[in-house]
Amino acid sequence: MKIAMLGLGKMGGNMTRRLLRSGIQVVGFDFSQDTVNQIASVNGMIPSTSVEDAVAKLDGESPKIVWLMLPSGDPTENQIKDLVPLLNKGDIIVDGGNSNYKHSQRRGAWLAEQGIGFMDCGTSGGIWGLENGYCLMTGATPEVAKVLEPVMKALAHEDHGWAHVGPVGSGHFTKMIHNGIEYGMMQAMAEGLDLLKGKEEFNLDLAQITELWRHGSVVRSWLLDLTAESLKVDQTLENIAPYVADSGEGRWTVVEAVEQGVAAPVLTVALQARFRSQDSKGYSYKLLSLMRNAFGGHAVKTK
Amino acid sequence: MKIAMLGLGKMGGNMTRRLLRSGIQVVGFDFSQDTVNQIASVNGMIPSTSVEDAVAKLDGESPKIVWLMLPSGDPTENQIKDLVPLLNKGDIIVDGGNSNYKHSQRRGAWLAEQGIGFMDCGTSGGIWGLENGYCLMTGATPEVAKVLEPVMKALAHEDHGWAHVGPVGSGHFTKMIHNGIEYGMMQAMAEGLDLLKGKEEFNLDLAQITELWRHGSVVRSWLLDLTAESLKVDQTLENIAPYVADSGEGRWTVVEAVEQGVAAPVLTVALQARFRSQDSKGYSYKLLSLMRNAFGGHAVKTK
Amino acid sequence: MKIAMLGLGKMGGNMTRRLLRSGIQVVGFDFSQDTVNQIASVNGMIPSTSVEDAVAKLDGESPKIVWLMLPSGDPTENQIKDLVPLLNKGDIIVDGGNSNYKHSQRRGAWLAEQGIGFMDCGTSGGIWGLENGYCLMTGATPEVAKVLEPVMKALAHEDHGWAHVGPVGSGHFTKMIHNGIEYGMMQAMAEGLDLLKGKEEFNLDLAQITELWRHGSVVRSWLLDLTAESLKVDQTLENIAPYVADSGEGRWTVVEAVEQGVAAPVLTVALQARFRSQDSKGYSYKLLSLMRNAFGGHAVKTK
Amino acid sequence: MKIAMLGLGKMGGNMTRRLLRSGIQVVGFDFSQDTVNQIASVNGMIPSTSVEDAVAKLDGESPKIVWLMLPSGDPTENQIKDLVPLLNKGDIIVDGGNSNYKHSQRRGAWLAEQGIGFMDCGTSGGIWGLENGYCLMTGATPEVAKVLEPVMKALAHEDHGWAHVGPVGSGHFTKMIHNGIEYGMMQAMAEGLDLLKGKEEFNLDLAQITELWRHGSVVRSWLLDLTAESLKVDQTLENIAPYVADSGEGRWTVVEAVEQGVAAPVLTVALQARFRSQDSKGYSYKLLSLMRNAFGGHAVKTK
């Protein structure tokens, strides 16, 4: 079996390596030819010099499978449009990136009109996926899902880490919710550890406690495992800026909750905590300070 | 009628002035003799040099009424204890400060054992109370409330700004909830204005809009009036630090909600927004950043 | 001056009456001819039997002004499309309903291409607007805004209740944020009153307290005025179902906050409280109950 | 080694069994003599007929160790007081229940005055602890902790599930925070699954997805394991009432956050979601419905 992988970054590169280990051939392309050459020489990937070249090197495969691991939004959108003229009816595009599920639904419908199959594949597992295997949530027709099965088995955690969850769009939808939950769990843990640290009279050792919780507690989890390992190295966090990035899925989950009319307070405030961390101006705080001064004469702290 | 006022700060001083305007005599005491002398000479208050002196100057009044406008906690607690030996059965202590209602209940019960009457009086109106009159929420027995009526009428906004809401403790309880609501309203307004400001393409004039909303909108309110006036002066808020203090009532309201087992999400997150503004370290954000790095290899922003 | 009003419901009908009182002629249309006839006979509106008829009856006005007070979404969208062939270059459509500001931006741009002027007018004031005057937040070009000035003055609260806040879209944007704040203020008040009620030992009279707060307190506001008046009639609320509807603006405000990347926790949890009230199934609660049983053996409450 | 266990319920009974398996003798007491007799006959526990009897049966042990697994609050408080006259200087009481850490601090200090050692032991692991071993967070002096080591090793998950985290009080404090995090994680998961279910067009199988996430995803955790197993049996949850109980630790965590002045929004709204589920009256919703009617004439849904 031979597929093309477009995008060989942190995720796409490792997935390529894992496929190659399982005996699946991969034609790889990336805008960085250094990356292409490196994975080709070290891991045995078939290099390509352009998307056209990559597709051409799938000749003989039927159907041709092109897997995208690109930034969501325009890069994925444009790549899909550019691919269509290069493919034949019955070929398949897999979007393994973090696209909005509504875009995947739209793209899947449009590709179906062109006779091209589509799978949206939510991919979890981070940088650990290469060794551990990934968790893959896929949306597609049963026919397309069937074709991809050997690829899924190669990528997944112990052959259980993949599933065909529903029609096109449902893979990215499921991944979006997964990430929403991830935000909530992370925030729960961060708040709890912050309170442990804040209780100065007990002078608690957060590395000890997180390690302890890994053994038999109700909160044991992979995020806890990683947190415990990191805190063993340093728990002052002196050199880390109090800034947390967020990505599409966390935001889309909150918008989804609004659209469904469903209360999802934890997922929401977890996202908003990140927004707070990104807000260096604090205009809303200034307004509150202004109001307190206006009605109560309370002193305003000046800069 | 003549009462003693202990504590002549921002609130106690203005309340004294308002009482004097209504023809009620006030014996005033404050640790700052300058303050005492100033209000005495400008406004006609009877000065005193100590608490003992203030009480002595109520001789002939029956019952003697001693009104406390002191910081909550120890200052109020200690003053009440120190007053008891100076008073006779039937005399009355009014706590007009921001005490926790549970403390007022305990103090009222203890004073009742000593034969001393007690009223807890939640006082709203801020620095505008001198001219506008205050809003007074009082807890006491009907007998004590009756005695205080002339004082209430003098202090209150147009004779409607006072009420005997229930037994001892209920005055401070009602004021606590009032402040909880105040936190929520302020935060609602601050968030909305922050979003107006954040929509840069519209380049909105927040002074214009808050002034507009004062006329016929659903959100018209006194807090909006004050906010609009302040924003006319400056809406950049460049010189204000993004720091918002909080006081006891906001915290106690959230604890009360927990004790009642009642969801009060707006009152809670409004308080927590202030906590955020006070947190210069951001340890929880650093933890989140650490976790993102640990599972996904996402870059950590360093200081 | 003569304008057309399409949609004579709770808002459109009262606005028509207020315009007529000020000497502005109104040609009115509604799908209910009974409504048309009633306002025509009682208030002197010029009746019309169709949109075409209404526009025709503006002949001689230059520009023609057609004001829409229709449900947002498709009804407004379709009406605007249908109007264009009936209008001439330079005529003006005003959308006074609760449209999403992004739709107003799109519609305004499209109408500009057809040579038709557009104003988006956020209208606050509810059923009280007829007597009190409305609060009108308008987005338009300066030219269009100038033309509408006499209409605004007639509708507005004491000639201060209207403003031209910015370009097309900014009127509905400002109204959207206004409603977001309204949600937060309402929720703050509801939570506080719920806690007052929940303190059974004090047996507080919510009608008394809300009336009291109207006089000199920090939380005094129009919403408090209305709440106090309602609670005087009944504070058991026995016959009211615990169900709160929500409308577009509350939801759009939260989505806007996500898109801006701004934390707006109060506006968000206020919206989510309404979602909770609408959720009769409680699937998330059932899941929690299931989990507690699974890890701790805690009994599940059965239906 | 021989210790006494007072309280043989779901937790105390299983801990007794696990100790016996490790060769530690246990003298057990419970108000239910049936329970005492059953564990004695099946598992080889030494039965006792009263607390006095249980302590007497420790004669010869030095120090005597009495482990309490009782409901927090009065039952634990009273038992500790009643035990003191039965013990000698140097004997040790362990509170393995869910006491408030402030009570543990107070009790530890008081017992120290009587010459009795004290350990507060937060115990996690639920009904699975018997087989898996428990996670034990202990607060005590180093001397007391040393004495308890063999007991901890017997109870803990693979000898890693216990730690001496700090002085008296810190064990229950750490357990309290653990439970706060647990609330947040559970709520995050419940919200996410609720949104999966709410997306009806995808008709997702929650049992499939939760099982999938156990393999390689970022949210993999013990709570997810249990949830997945439960959902395999039934995902309609038709027979479960939408009611979630809460216990002391969740509430105390929120109060702790208020006292520290630390924002813990996820832990807080997770608790409040449970409060909502317990609120069958919905008075705050009724108030909102009343307000909407008052300002906007919006229909009130009646019961």
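Should a chain be cited, it is by its letter among A, B, C and D, assigned in written order, with residues numbered from 1 in that chain.
Everything that follows uses one rule, which is that a contact is a pair of C-beta atoms (placed from the backbone, for glycine too) under 8 Å apart; a residue touches a chain by one contact, two chains touch by 3 or more.
Fair warning: this is a prediction, and the values are worked out from it, not measured in the lab.
Asker: How many steps does it take, at the fewest, to get from subunit B to subunit D if each step moves to a chain that touches the one before?
Answerer: So the least number of steps between the two chains is 1.
Asker: Match interface A-B to one of A-C, C-D or B-D, accepting only the pair for which over half of the contact pairs are the same residue numbers.
Answerer: Checking each pair in A-C, C-D or B-D, only one repeats A-B, namely C-D.
Asker: Taking each chain's centre as the mean of its CA atoms, which one is farthest from the centre of subunit B?
Answerer: A
Asker: On a C-alpha centroid basis, what's the spacing between subunit A and subunit C, in Å?
Answerer: Taking the mean C-alpha position of each chain, the two centres sit 39 Å apart.
Asker: CA centre of subunit C versus CA centre of subunit D: separation in Å?
Answerer: Each chain reduced to its C-alpha mean, subunit C and subunit D end up 48 Å apart.
Asker: Taking the mean of the CA coordinates per chain, how far is subunit B from subunit C in Å?
Answerer: 34
Asker: Could you list which residues of subunit C touch at least two other chains?
Answerer: 126, 187, 189, 191, 193-194, 198, 218, 222-223, 262-265, 269, 272-273, 276, 284, 295-296 - these are the residues of subunit C that touch more than one other chain.
Asker: Flag every residue of subunit B that touches subunit C in the complex, lowest number first.
Answerer: Subunit B reaches subunit C through residues 124-126, 129, 132-135, 137, 139, 156-158, 160-163, 165-167, 169-170, 173-174, 177-185, 187-189, 191-196, 198-199, 202-205, 208-209, 211-224, 253, 256-257, 260, 262-267, 269-270, 272-273.
Asker: Show me the residue ranges of subunit A that touch subunit B in the complex, using the header's touch definition.
Answerer: 10, 126-128, 186-187, 189-191, 193-194, 197, 222-223, 226-227, 229-231, 237-245, 265, 269, 273-274, 276-277, 281-298, 300-303
Asker: Show which residues of subunit C lie in contact with subunit A when the two form their complex.
Answerer: Subunit C residues touching subunit A: 218, 246, 251, 254-255, 258-259, 261-265, 268-269, 271-273, 275-276, 278-279, 284, 295-296.
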